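Naming follows writing order (A, B, C and D), and every chain is counted from residue 1.
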Amino acid sequence: MRYIEYFLFQGIVLVMLAPLVNGIIGKIKAFSQKRQGPPFLQLYYDLHKLFKKQIVVSDVSTWIFKVTPMIVFTTALCAGMIVPVVTSFIPENFPGDIIFTIYLLALGRFFMMAGALDTGSTFGGMGSSREALISSLAEPSLLISVITVALISGTTSVSGMMLKMQTENTPLLQPVYVMLFLAILLVILMDTSRIPVDDPSTHLELTMVHEAMILEYSGRNLALMELGAAIKQLLLITLVVNLFLPNQLFIGTTGVALVVISLVMYIIKVIFVAVIIGLIEVSSVKFRFFSVPNIAALSLILSFLGFMQYFILGR
Amino acid sequence: MGLILWAAPLSAILIMFLTKTTKAHHIISVLVSVIEVAVTWVLTYQVMVEGQIAYGFVGKLFYLDAFSIILLNLVVIVGMLAAIYNIGYLNHEKKNGEIDLKRIRLFYMLLYGFIFTMVFALTVNNMGLMWIAVEAITLASTFLVGFHNDKKAIEAAWKYVIICSVGIAIAMLGIVFLHISSLGINEGAGILDWTTLYDNADKLNGPVLRFAFIFILIGFGTKAGLAPMHTWLPDAHSQAPSSVSAMLSGVLLNTSLYPIIRTVSIVNKNMESSVFTGRLLIGIGLISLATAAIFIITQKDYKRLLAYSSIEHIGIITIAMGVFTPAAVFAGLFHMINHSFTKSMLFLTSGNILQKYGTREIGRVQSLIKVLPFSGTVFLIGLFAIGGTPPFSIFASEFSILISIFDNNNFILGVTIIGLLTLVFVGIVSTLFRMFYYNNREENVTSGETNKYGVAVIVIMLVIISITGLYMPEGIFNLMVDAQNVITGGI
Amino acid sequence: MILVQRIIQISLILYVFSLFFPIFMMKNQKTANVGSNMLTAAAGLLGTAGSLLYLFYYDAKLTIINVPSSWSFIVINSEFDRLSAFFVLILSIVAFATAIYSIGYIGEYYGNRDTVLLNCLMSTFILSLFLVFTASNAIWFFIAWEAMSVISYFIVVFESENEENQKAGKLYIIMTLVGTAFLIINFMLMISYTGSFSMDMSSSSIPSGIKNLMFVFFLIGFGTKAGVVPLHIWLPQAHPAAPSNGSAFMSGVMIKTAVYGMIRFVLMYLGVEHTWWGITVMTVGMITVFVGISYAFVEKNIKKLLAYSSIENIGIIFIALGITFIGETKGDPTICALGLMAVLVHSFNHSLFKSGLFLGAGSIQYATHTKNMEELGGLAKKMPVSSVLFLGAALSISAVVPFNGFIGEWIAYQALIRNIVIGDINVDLVTMLSIAVLAFAGALALATFVKAYGISFLGLPRTEHSEYAKEVPKTMNAGIGLLVGLCLVFGILPMTLIRIADKIVEGIVGQTLIGGMSGKFFIATYPVRMGASSISPLTGVLILAVIGLIAVVVLKLAGGKTVERKYETWGCGYQSMNSRMQYTSGGYSKTLSIIFRFLFRPTRKLKQNGLYKYHPEEMEYVITTEPVFEKYLYEPLSRLTRGLSKVVKLKIQSGSIHAYLIYIFLTVLILMLYNRLA
Amino acid sequence: MEKYLDILSILILVSSFALMANKRIKSYINTFRIQAVLISIAAGIMGAQSYAIEKRLDIIIVCVLIVILKVYYIPKMLHKTYADIEYKVGKDFFFNIPVLIFACFALVVFSYYCISDIQGIDKGQLNIQIVNSVSVVMIGILFMISRKKAIGMIVGFLVIENGLFVTTLFATQGMPFIVDMGIFIDMITGIMIMGIMVFRINDKFDSIDINDMKSLKG
């Protein structure tokens, strides 16, 4: 029973909260440009609209194209189940493993990239190809970062890692975590198609990565893809938030009241990270594609430095 | 009994001279070679029972022990197989109008002269006579090498006779010194006999003996194809008719090593260590191996390549004899047998290929297995066998040699040999294997075997080398142990 | 015990039958082929059963073949122990699937090729692999090893009219010979110190310095067969050249013989002496992974792509092997066991999906007669079943969650993580770098197989090769299906495999992991646990299914009925889309080749024909990458040897008889002088 | 008696120097004949000596054979071959004659250096005679190396044979009789075969210049 409660809670929080992050980032950007910008809930409206719309399917495509949105969405959500948002319900022996999470997301990415090729469109291929490069460059630093945390906490279980980090005293004051935090932040920029890696707001072939891949989707399918991407983004932010900005009330809280309090704190932290991302987006320009490796290299170096700080230089 | 052994080829020459049809020649040839084998087997049995036999008109001119009987067996068996092979080979040549009846007759007469001299060399006890026989081998085989009588064949024959004669002359110098070293010890009947020399080895004059050994090594080494005296070998082997190449490579080289090995055991017994002979033999063996390796890598002529491979294997045998532990000598002997069969098989097969394609150039042969299903297959397997791939016999003996070398804690030598062997195999692979592929060139040959007898022979040989890689009949095994004891002087 | 022995022996006899059957049926290719493959399949099935039975119920050594030989050093003796049984299991499964596949696949060759020969070669190949895995002493191992190499060479050059295949075969056999030479040296050292070729003897009489040397030689010798960088160059040439059922064995099983050899000889026989052994193996593995996957990604030839991916996976296995070694030297049985577990599990998994992929590539070739992905496309519609099966195998190798590739990687990650805690700085650094490389390779492998699948099966047909492709025979798909099915089964229920592998780990390391590894969750037995970390693919799949179900239901209820409309793909502003507008294989991976310039050295050439520079009538755009290892490492070496040989040859054997006489003369003089001076 | 043998041994050596100094085919065949005469004298002396002491006839028989074969038959045959081939008179050597002579001298010194300290033959006349005759063998090989024409090679080979014979003669008073006979048979066959080969070479190559035969390489 607890599991079902837990899953329901996780699912609802993720699905409900995910589009909000995009709204916040959009608002920040608008604010900095002295615009009013779209409302916070713009993505919710969009999704609502899309779910009702007619689907156009390319006649070149196969079943891959049709199942991709569902798979992207479900894998993102399933991965989200593993990363606890705020919970006291964390089930004992829950097999929530960070590596499992990453490779589950990989399933979604596989289909997203394959689906992009399915229509035979030039743009799809381009997006897929670029995604291939960016993801493979981002992956090492992500894994080094999380595994360094895993090493410190002695487990790769996500909840275990978060539990351990909860006992650390303000992690962001320690050099190792600062490095890892920045590294993962860069990974988020790369993985969620943000400026300076990708510009989600344009449809210019020079800049598109994620948008190029989902170009052929429409209606419900597009909605699922967008939602999946948003969930994935929130998932990564959750990871950052709960690892590096831990909350004393995060675990060990029982009772609805405390859970609600920690949920509120969680949302505040998510908003904080979203603001950071928004600020980065505002303050930088889209890099040319062949400069992406530089960002990846920076991220890799940061994560590796973090690892070295703790394990080699620290002892 | 032993006299029939060399009476048979002599009478063969005579009868050949008198008969006029090719068919008769073939029959006589096969018959005589079968008689040779039969007689040798009887003698082998005697040797197995008695250890050694000596016979002859004047004193005990002839002497056979386990070592010489093994080599003798090689001569007659390979001779017999080559004789069967020759039927098809010569018939095909004749059909193509390349040779006529007279030349076939000449061929056979020379061939049996060749066999006679080899048999003589192996059975005779006296070193001087032995030398005469070896020189006679050269003379008998000169025209066999030059049998095709074209420019290249003549050139090869000339080089063969000159270089071998000079080499043999140097060997004679060695024998003279051997004689000097034995002065005052064995006057009279047993002078220059293996048996007497060996029995009295410790009384021989050591320094002179060593000096003698140098000349014997170089002299007979020339004939055995050891580098750097090997230069005649690729020319002669590639130009001679294939059955002759088979005999040259499979038997002649062993026969030429025979006096060297005999001398080695005398010298070692005299010096009570194998350091002196070991250094020379291993040195020369390694040079041979290296030379062969370098020459094989970019070889363009498959018969030449096989000839270089013979140099390589003779080098290996020499190294084994240089190590001179019982295990090494045993393995060396075994390697002699294996190389003899494998290389003869390959040369006979190459004869089939040559007759089919009319070229010795590797690059102009293609789809070998399709064109010659049996010969091609045997050739391919034979190449792996000669390279030392299990389960063929060469592998067993090469491995035994290596084991004995490593057991002797001679790691650097062992590693060097392994390296060179690999290089040789790499050479074989990178040059010869092209013959089996289909290279998209126009076919100017029809497929199908031309030499049915030859195919039978090579298949038999393939069976022999495959089986002996893992099993050796008890009797032969014991014979080899005896031979090893003869050489190392154990028990 | 007797039963298992008999089962295995019967399976061996069946292999032998399958070898001779086609020879007797030479006249009728079809009967020969079907019969031979049925026999092989039966043998594979028996082998699977036998080795499973052995693994579950027995422990003692089991003699399979024991034949006397005249030569004291040649001991023909095949024995089963747990490690052998495990690898025989791999072999048997692949043999079974491949045999079924071959029934259809070889059918393509009827009439224009000697299928009988291919049947014989395949059977012999399986036999030789069997003997390699079961040899009880070094010499018999070596004999089987040589047989395996030689037969696989013949399989590589089976289609010898293709010049590329000839080159591949040549390169392959040369590399093999060189690698084998190192093994021979080691075996010789083995016998000279211990006096026996037996692998069960203690190696304590071998001095430490020699052991170091032997380790390096084993690494080179086995590494050549495994295809570790920089000894890998033959692999991407040879594996694609072979007929696909042969490649499946070569990539699926044959390269595992090297892994087997490393475990058997280095871990079990020599015993790991120094930490640097492990570090070396890990470093080699790391480089291999990196180079392997990078090359795989840019490859256009689908079978070459698979071959490079094999190199990558061997790298992963070597990384895990390095951890095993380190664990052994550090006296930490858990790390050692975990590393070994990763080695075994990943070897097993890789055999399944890589064989499947090669067979899939074979299906593509069967249907389209090309291996070049630039000529494919749109096959998913022409060959729906093959497409799904290939996708399954591609997902497995991409190590995505619920497929078995992930399990091996997860265990490898766990081993790596545990390896760091030891506190040796060298180990820590190399381990962390391995993690980075593994992560990179994981993502890039995924991209590689998206490309392999996407470019060949999706989109529009690029040429008429794929335009007129037809679905392949059912037997072929059945063979692949079996493998892919197993991939999924072991991915969802990993403990089944881990239980088996644990038996071997227990036998070698003496530490069983199974107690700690089986976690408790509501589907009790199938999560895998390592310390506080655990995964449960089955749960994952269930959650996925539930979410999917809920999503569908919600959409149905909330969204009402949505209309689906077919329309052509957006043509980017042109009138309509055509196949030439699709992303090509080269284009897909070009970005990477530009970024990793040092590995690929890409060159671009743009040719324009026409009167005006700005209005070319024709354009030709060529992208090429340079094979760096060949060009800068092997070619100079080969040129040097050949050049030396050519020069020396003509200088020494110059044809001048006078020169020849001078050689003899000089030899005489030198030896006389030697005698005087010595 | 020994004194004469010493002198003869030196003379034989000198005759090979002379042989080396000859430029033309015809002249060195003649020099070879002189050398053969010297050897037959030595053999005659030895033969007479052994007959006087041991009543052995074998060396005398050998001596007679030498006279017949080496002094008479072989030079005649070589002349005839040479005449048949009608090769125009010309120089036949690779190096300068002075260089060759000097090399011969070096060979003698070398032989002395190598042989003189071998225990058992390092004392007395035996030593000198062996050094001299081994030098003859060496010079024979050098002769073969230095001549371009086929006949030169044959002569060189014969010189080697002479050297060998002299060595046996001086060192051991000849090999066993049967061996000596065998050697003679071999030699005569060998020379005949080489002679036939010379004709064939002339047939195929239009010259007997061995230096032209270089088609078998590598």
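Assorted remarks:
The rule we apply is simple: a residue touches a chain if its C-beta (ideal position, glycine included) is under 8 Å from a C-beta of that chain, and two chains touch if they have at least 3 such contacts.
Just so it is clear, the structure is predicted and the values come from calculations on it, not from any experiment.
Chain C has the C-alpha centroid lying closest to the overall centroid of all protein C-alpha atoms shown. With centres taken as mean Cα positions, subunit D sits 69 Å from subunit C. Computed from the mean C-alpha positions, the centre of subunit B lies at a distance of 31 Å from the centre of subunit D. A separation of 44 Å divides the Cα centre of subunit B from that of subunit C. In this assembly, the C-alpha centroid of subunit A lies 35 Å from the C-alpha centroid of subunit C. Looking at subunit B, one finds that residues 158-159, 162, 166, 170, 211, 234, 295, 298 touch two or more other chains.
The set of subunit A residues touching two or more other chains is empty.
Residues of subunit C in contact with at least two other chains: 649, 653, 657, 661, 664, 668, 672, 675. Every pair of chains meeting the contact definition is listed here: A-C, B-C, B-D, C-D. On the subunit B side of its complex with subunit C, the touching residues are 158-159, 162-163, 166-167, 170, 210-211, 214-215, 217-218, 222, 228-229, 231-232, 234, 276, 280, 291, 294-295, 297-298, 384, 389-391, 395-396, 399-400, 402-403, 405-407, 409, 411, 414-415, 418-419, 421-422, 425-426, 429-430, 433-434, 436-440, 470-472, 477. Taken together, the subunit C residues at the contact with subunit A in this complex read 297, 377-378, 380-381, 387, 391, 395, 398-402, 406, 409-410, 413-414, 416-417, 420-421, 423, 425, 428-429, 432, 435-440, 442-444, 446-447, 449-451, 453-455, 458-460, 519-522, 527, 529, 531-537, 539-540, 543-544, 547-548, 551-552, 555, 558-560, 562-570, 572, 577, 579, 581-583, 587-592, 594-595.
Across the interface of their complex, subunit C is touched by residues 94, 110-111, 113-114, 117, 138, 141-142, 144-145, 148, 153, 210-211, 213-218 of subunit D. The touching residues of subunit C, when paired with subunit D in their complex, are 649-650, 653-658, 661-662, 664-665, 668-669, 672-673, 675-676. By the touch rule above, subunit D contacts subunit B in their complex via residues 115, 118-121, 130, 134, 137, 140-141, 144, 150, 153, 157, 160-161, 164, 167-168, 171-172, 175-176, 178-179, 182-183, 185-186, 189-190, 193-194, 197, 200-201, 204-205, 210, 213, 215-216, 218.
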